[in-house]
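The two complexes that follow have subunit A in common; it is paired with subunit B in the first and with subunit C in the second.
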Partner chain A sequence: MSDLLAALVLVPLGAAVVTALLPARAAGRVGLVVALALGAGSVLLALEVGSSGVLEAALGDWSIPLGIGLRADGLSALMVLLTGVVGAFVSVYASGSAAARGGALFWPVWLVLWAGLNAVYLAADLFNTYVALELVGLGAVGLVALGGPAALAAALRYLFVAVLGSLAYLLGVGLVYAETATLDIATAGQRLEGGVVMVTALSLMTVGMALKTALFPLHAWLPPAHSGAPAAVSPLLSALVVKASFYVVVRLWFGLPGADGAMAVATLVGVLGAVGVVWAAVVALRQTHLKRMVAYSTVAQVGYLFLLLPLAVPGLAAPAGAAEADAARLAWSGVAALVVAHGLAKSAMFMSAGTLARAHGSDRLDDLHGAVTRMPAVAMTFALSGVCLAGLPPTLAFVGKWQLVQAALAAGQWWWVPVLLVGGLLTFAYTAAGLRAMFDEPQRADELVELRPVARRMVVAPLVLAVLAVALGLRSVELLALVEVGSVLGSLP
Partner chain B sequence: MTVGLVLDLVLVTAVLVSAGLALFVPGRVASVMMFLVFGLVLAVVWARLGAPDVALAEAAIAAGVTGALLLDAVTERPRRGPDRRVGPRWLMPLLGAVAGAGLVVLLGAAALQAGPVEPGTGLGPTVLDRTDDSGVSHPVTAVLLAFRAYDTLLEVAVLTLAVVVVLSLHRDGRLETVPAPGAASPVPDALVRLAVPVIVLGAGWLLVAGSSRPGGAFQAGALLAGALILLRLGGIRLAVPTGRWLRPAVLVGLAAFLTLGYVTVALGQGWLVLAEPWQGTVILLLEAVLTVSIGACLAVLFVAGRRPAAGTGRGEEP
Partner chain C sequence: MTDGDVFLLLGVGLAVLGTVRLVLTGDHLRRVVALNVAGSGVLMVLVAVAYRSNPEEPDSVLHALVLTGIVITVSVTGLALAMVRRVERDEQDRQASHE
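== the complex of A and B ==
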C-alpha cells in the first residue's frame, strides 16, 4: 500500500506528459479519466490511513536521511482527499467548455499542478517540499496565464511572488540543515533545540509561505490573479493552491520545536490574519465584479486559518498545561474543518460565478440581473456556498468555527472570538450583495442580456460540491478523527 | 597573509561589487552584463569552495543560459513606461533599505550561531560511504540520480512545465510563427562551423564524465542548448524544433524518468529502485536522454521568448 504514496505524484505527472502530446480532444478525455482515477486514489489513501494509521515510504529504497521519505499521516491524507475530491469535480466542470479551460494546454498544466499538490502533502523532507512547492507555484502561474492577454500581468506578478516565497523558504531550509545536518523533517525536529537560528529559520519560512497563502498584508497579488484566471482555474487556485503553502506552515510549526520567540511571531501572524478577515471582507463588499468579490473572500477566509498559530503554540511548548493542550487540539481540528469547508465551498462558489459569467458574457454585478429566475440552480449554488463560508449550522465551517471559539476560550485568548463572529457576518453581507444583484429584476425587459448556453455539468458539479460542504457538517466526526492520526498533539496531556 | 586569503578577499569583494552594479548601474543592457559577470565570479567562488559541480552549473545555467535569456529580453523589447509609484518618492527605497538591513542582521546573527555541524555528523560522510552502492562513482551524481532521484525527477518536471507554460502563450502551443534570422544572420558562418562541434563535444564529455567526476545532465544540457541556439542563429532553422518534434523533444526527458519509475514498480521492486548490475548503465542512459531534453527545453525557451511574426500569436504583451 505504501506504493500508493509515490503513485499519487507520479501518475498525474505521467498523465500530464501524455495529455501534452495528444491532440486537444483526446487530451481532454484522458485528462478527465485520470482526474476521476486520482479522486478515487485519494479516497483510498484516506480510508487506508484512517483504518491502519500512518503510511511511510522511502523512495528508491535509500534509507532516511540519505534518501527521501514520503509520509501520509491524517493531515496529509485529509489534504490529498480534499485535493482529489475538488480536483475531480473541477475537472468535470472544466470538460464542459473550452473557454472555461482557457487553452489546449490546460490539462497538462493542471495535472502537473495536481502532482505538485500531492507531492507537498506527502513530503517528509524539507528540500523535497521546496521542489514540490516550485511545481505548485509554476503550475498555478501557468494556469492564470491561460486567462489570455488580460491575465498576463497578474500572472507575472504571481510568478514573482511565488518565487520570492520559495526563496525565503529555501533560506530557512539552509539554516535548518546547517543546524541539524538533515533534511528529514522528523529528524530535524528531534535535533533542533530552538534559539536564534530556529526563530530566524521559522520566521523566514513562515513569511515565504504567508506570501504564497496571501496572508494580509501580503495579499495584493491574489485578487487580480484569481479573478483574471479562466473559470475552471479560479476554483483550483482559491480552494487548493493557497492551502498547500498553509499546510507547509502547519508542518513546520508542529514538526520543528518552538523557541522563546515563537509565541511573539505566532501572535503577530494571528493578528495579521484577524485584520485580513475583517479588512478583505469589507473590500469584498465594495466590489462591482462577482469574481473579484469571491477572490477577496479568499483573502478573508485565509485569515481564519492563521489563528491556528497563536492558539496552538502555547500547547506545543515543553511544560504545557492541560488547558493549553486542549486549546491546541481544538484549534487543530477546528482549522482542519475550516480548510476542508473553504476548499469545498469556495470551489463551488468560484465555479458558479464562472458559470454565471459565461452565460451572461460578463461577471459585472449589474449584468447579472434576473439570474435567480433564469439560472436558479447556479444562484442557489452561490447562496449555499456563501452560507457554508459564513459558517451557519449545520455546515462544516460552523463545526470549525465553533471549535476555534472554544479553543480561544480554553487558551484564555478571548479576543479572537469577536473576529470569528464579525467575519461570519461580513461573509453573509457580501454573499447577500452578490445575491441581491441576481434577484434584481431590470426595469425594462430589453435590459436583460441574452443568455449563452452552458453545459449542464457546469451547473451540476458546483451544486454537488456546495451540498457536500453543508452535508459534511453532519458527518464531521469521521473527518476530524482522520486529522488526529499521527498528530503530534496526541502525546500532549 | 597567504595567497589564498588574498584571493578570497578579492573574490568576495568582486561578488559584492558586481551584484551592486547589476542592481544599480543605469541602463538595462549594462545591468544584464554585470549580472553575467556576477554569475561568473560566483562560479569561481564555488570552485574555490571545492564544489566544482555547483561551479559548472552556475557558469552554464545561472550565468550562461539565464544571461542569454535576459540579454535577449532587454535588447529585443522596448522599455515600457515608468512603473506605477506608490506613495512618495523616498518611501519605497526606504522600505527596501530597512527590510534589507533587517534581513542582513537577522541572517548574519543566525549564520554566526548556526552549526557548523561537527565534522563527521553531516550527510557528507554517509554519501561517500554509500556512493559505491549507487552504480556511479561520483558522489554528486549519486545524490542527484540515486539517493535523491525523486527530487531530480520533480526538478525535471519543473523545467518541462516552464516550457509548456511558455508554449501555452503561443498560438496552438507551437513556435513555427516565430521568425528565425534568415540570410542576414547575426552570427558569422565560420564561428558556427567552428564552435558547434566543439560545444557538442564538450557536452558529451560533461555527460559521460558525470558518472566519475564533476559534470552531468544539467551542465551538458545547457551546453547543448548553446550549440542549438548558435545553429539557429546561424541560419539552420531545424536546429531547434518548433513544429511536430517540439513537444516530444521537450517531454522526452521527463517521460523517460517516469517510465523508469513505472518499470521499477511494475517489476515489484518499488518506485525508482535500481538493482545491480544494471544501475550504472541505466543512470548513464537516463542522463543522456535528460541531456537531450534539457538542451531542447532551454533552446525552446530562448526561441519562445521572441515575438511571433505580427498578428499570428497570443504572445503580445497586455
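== the complex of A and C ==
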C-alpha cells in the first residue's frame, strides 16, 4: 500500500509531462483518464487508512531527513479524498469545453497542481511541505494566468503573495530546526519546550499560510484571481487550493505544543476569521458579477475554518481539562466537516456560475435574467450549493457548524456562536441575490440574451457535487471517523 | 556577537527589507527584485542557523534545504519575469490603442 502513497504524487506529475507533450486532443483524453484514476486512487487510500490506520512510505528508501517521506493519517486521507473527488468532477466539467479550460496548457498545469496538493497532504516533514506548497503555488498561478490578459495581472499578484507566504513559512521552519534539530513535526513537538522562539516560528508560519488561505485582511488578492480564472479553474482554486495552506496551519498548531503566547495568537486569528465571515459576506452582497460574488463568499467561508484555533488550543495545552479536550475534539471534527462541505459546495457553485456565464456570454447579474426558466438545472445547482454553504440541515455544513457551536459552548467561548449564525444568514442573503437575478424576467422577450449551447456534462457535474454536499450530511459519521485516525486528539483526556 | 549572529541578523534584515519593498512598490519588476532580496534573506538565516549549530562542521541538512530553496527561487523568478513581460506588453498595447 505504500506504493499508493507514492503513486498519488508521482502519477499526476508524470501525466503532466505526458499531457504537455501530446497534441491537444490526445492530451485531453489522457488528462481525463488520469483524473478519474486519481479520483479512484484517493477513495482507495481513504478506505485503506480507515480500515488499517496510518500509512507511511519513504521514496527510494532514502531515510528522513534527506529522503522524501510520505505519511497518511486520517486527516491526510480525508484531504486527498476531497481533492480526488472534486478534482475528478471538475476534470469531467473541464472536458466539456475548451473555453472553460482557458487553453491547451490546462491539463499539464492542473496535473502539476494536483501532484502538489497530494504532496502537501502526504508530506511527512516540514521541509517537504514547503516544496509541495511551492508546487501548489506555481500550479495555481499558472491556471489563473490561463484566464487571458485580464487575469494576468491578478495571476502575477497571486504569485507574489504565494511566494511571500512560503518564505514566511520557510523562515519558521528554520527557527523550529534551530531549536529542535529535526524537521519532523511530531519529533519537533516533543523536543520543543515552548517559549519565545516557538511562538515566533508558529506566528511566522501562520501568517504565511493565512496569506495563502486569504484570511481577512490578507485576502485582497483572492477575488480578482479566483473570479478572473477560467470556468474550470475557479472551482479548483476556491475548493481545493486554499485548503492546502489551511491544512498546514492545522498540522502546525496540532503538532507543536502550546506555548505561553499561543492562545493570544490563536484568539487574534479567530477574531480575524470572524470579521472576515461577516465583512466578506457583506461585500459579496454588493457585487454585480456572479463569479466575483462567489469569490468573496470563499473569503467569508475561510473565516469559519480559522475559528478552529481559539477553540482547540486550550485543549491542546499540557494540563487540559475534560471540557477543553471536548471542545478541541468537537472543533476538530466540526472544521473537518466544514472543509469537506465547502470543498463540494463551492466547487459546485463556481462550476454552475461558470456554466451560466458561458451560456449567457457574461457573468453580470443583469445578464442572467430568466436563467431559472431557461437553465433550471444550473440555477438549481447554484441554489442547492448556496443552501449547503449556509449550513441548513441536513447538509454537511450544518453538521460542521453544529459541532462548532457545541465546541464554543464547551470551551466557554460563547462569543463565536453569533458569528456562526450571522454568517449563515448572510450566506443565504447573497445566494438569494444571485438567484433573484436569475428569477427576474425581463419586460420584453427581446431583452433576453441568446443562449449559447453548453455541453451536458457542464450541467451534470456540478449538480452531482451539490447533491453530494447535501447527502453527505446524512452519512457524516463515517467521514468524521476517518479524521480521528492517528489524530493527536486521541491522547487527550 | 559571533560571526553566526552577524549573519543571522543580516539575513533577518534582508528578509524584512525585501518584504517591505515588495508590499510598498507598485512596479512589477521592482517586486520581482524585492522578492529575491527577501528570499536571499530567508536562505541566509538558514545558512547562519546551520553555522551556529557547529562552526567547525555546519549542519548539512540545512545546506540541502538551502540548495533546494535556491532552485525554487530561481524557477519562481523565471516564471515571474515571463509574466511581468506579458503584463507590461498588454499594458503598452492598451496605451497604444488609447492614443
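The rule is simple: the second predicted complex is superposed on the first by the 490 of 493 C-alpha atoms of A that agree within 3 Å, B and C clash if a C-alpha of one lies under 4 Å from a C-alpha of the other, contacts with A are read in each partner's own complex, and residues count from 1 in each chain.
Everything below uses one rule, namely that contacts are C-beta pairs under 8 Å (C-beta built on N, C-alpha and C of every residue); 3 or more make two chains touch, one makes a residue touch a chain.
Bear in mind that the values here come from a model prediction, so they are computed numbers and not experimental data.
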item: Dominant contact partner of subunit A by residue count, subunit C or subunit B; value: B
item: Partner chain in contact with A:Ala481 - subunit B first, subunit C second, else both or neither; value: neither
item: Touching partner for A:Ala153 - first (subunit B), second (subunit C), both, neither; value: both
item: Touching partner for A:Ala264 - first (subunit B), second (subunit C), both, neither; value: neither
item: First (subunit B), second (subunit C), both or neither touched by A:Val33; value: neither
item: Partner chain in contact with A:Gly103 - subunit B first, subunit C second, else both or neither; value: first
item: Subunit B versus subunit C as contact partner of A:Val141, first or second or both or neither; value: both
item: Partner chain(s) touched by A:Val131 [first = subunit B, second = subunit C, both, neither]; value: both
item: First (subunit B), second (subunit C), both or neither touched by A:Leu170; value: second
item: Subunit C-contacting residues of subunit A that also contact subunit B; value: 65-66, 127, 131, 134, 138, 141-142, 145, 149, 152-153, 171, 175, 178, 181
item: In the complex, subunit B residues that touch subunit A; value: 106-107, 109-111, 113-117, 121-123, 126-127, 130, 146-151, 153-155, 157-158, 161-162, 164-165, 167-169, 172-173, 247-248, 251, 254-255, 258, 261-262, 265, 269-274, 314, 316-318
item: Subunit A partner contacts - residues on subunit C that touch it in the complex; value: 15, 19, 22, 28, 31, 35, 38-39, 42, 45-46, 49, 52-53, 59, 61-62, 64-65, 68-69, 72, 75-76, 79-80, 83-84, 86-87, 90
item: Subunit A residues within the subunit B interface of the complex; value: 3, 6-7, 9-10, 13-14, 17, 20-21, 57, 59-62, 65-68, 103-105, 108-109, 112, 115-116, 119, 127-128, 131-132, 134-135, 138-139, 141-142, 145-146, 148-150, 152-153, 171, 175, 178-182, 195-197, 200-201, 203
item: Complex interface listing, subunit A residues touching subunit C; value: 65-66, 127, 131, 134, 138, 141-142, 145, 149, 152-153, 155-156, 159-160, 163-164, 167, 170-171, 173-175, 177-178, 181, 183
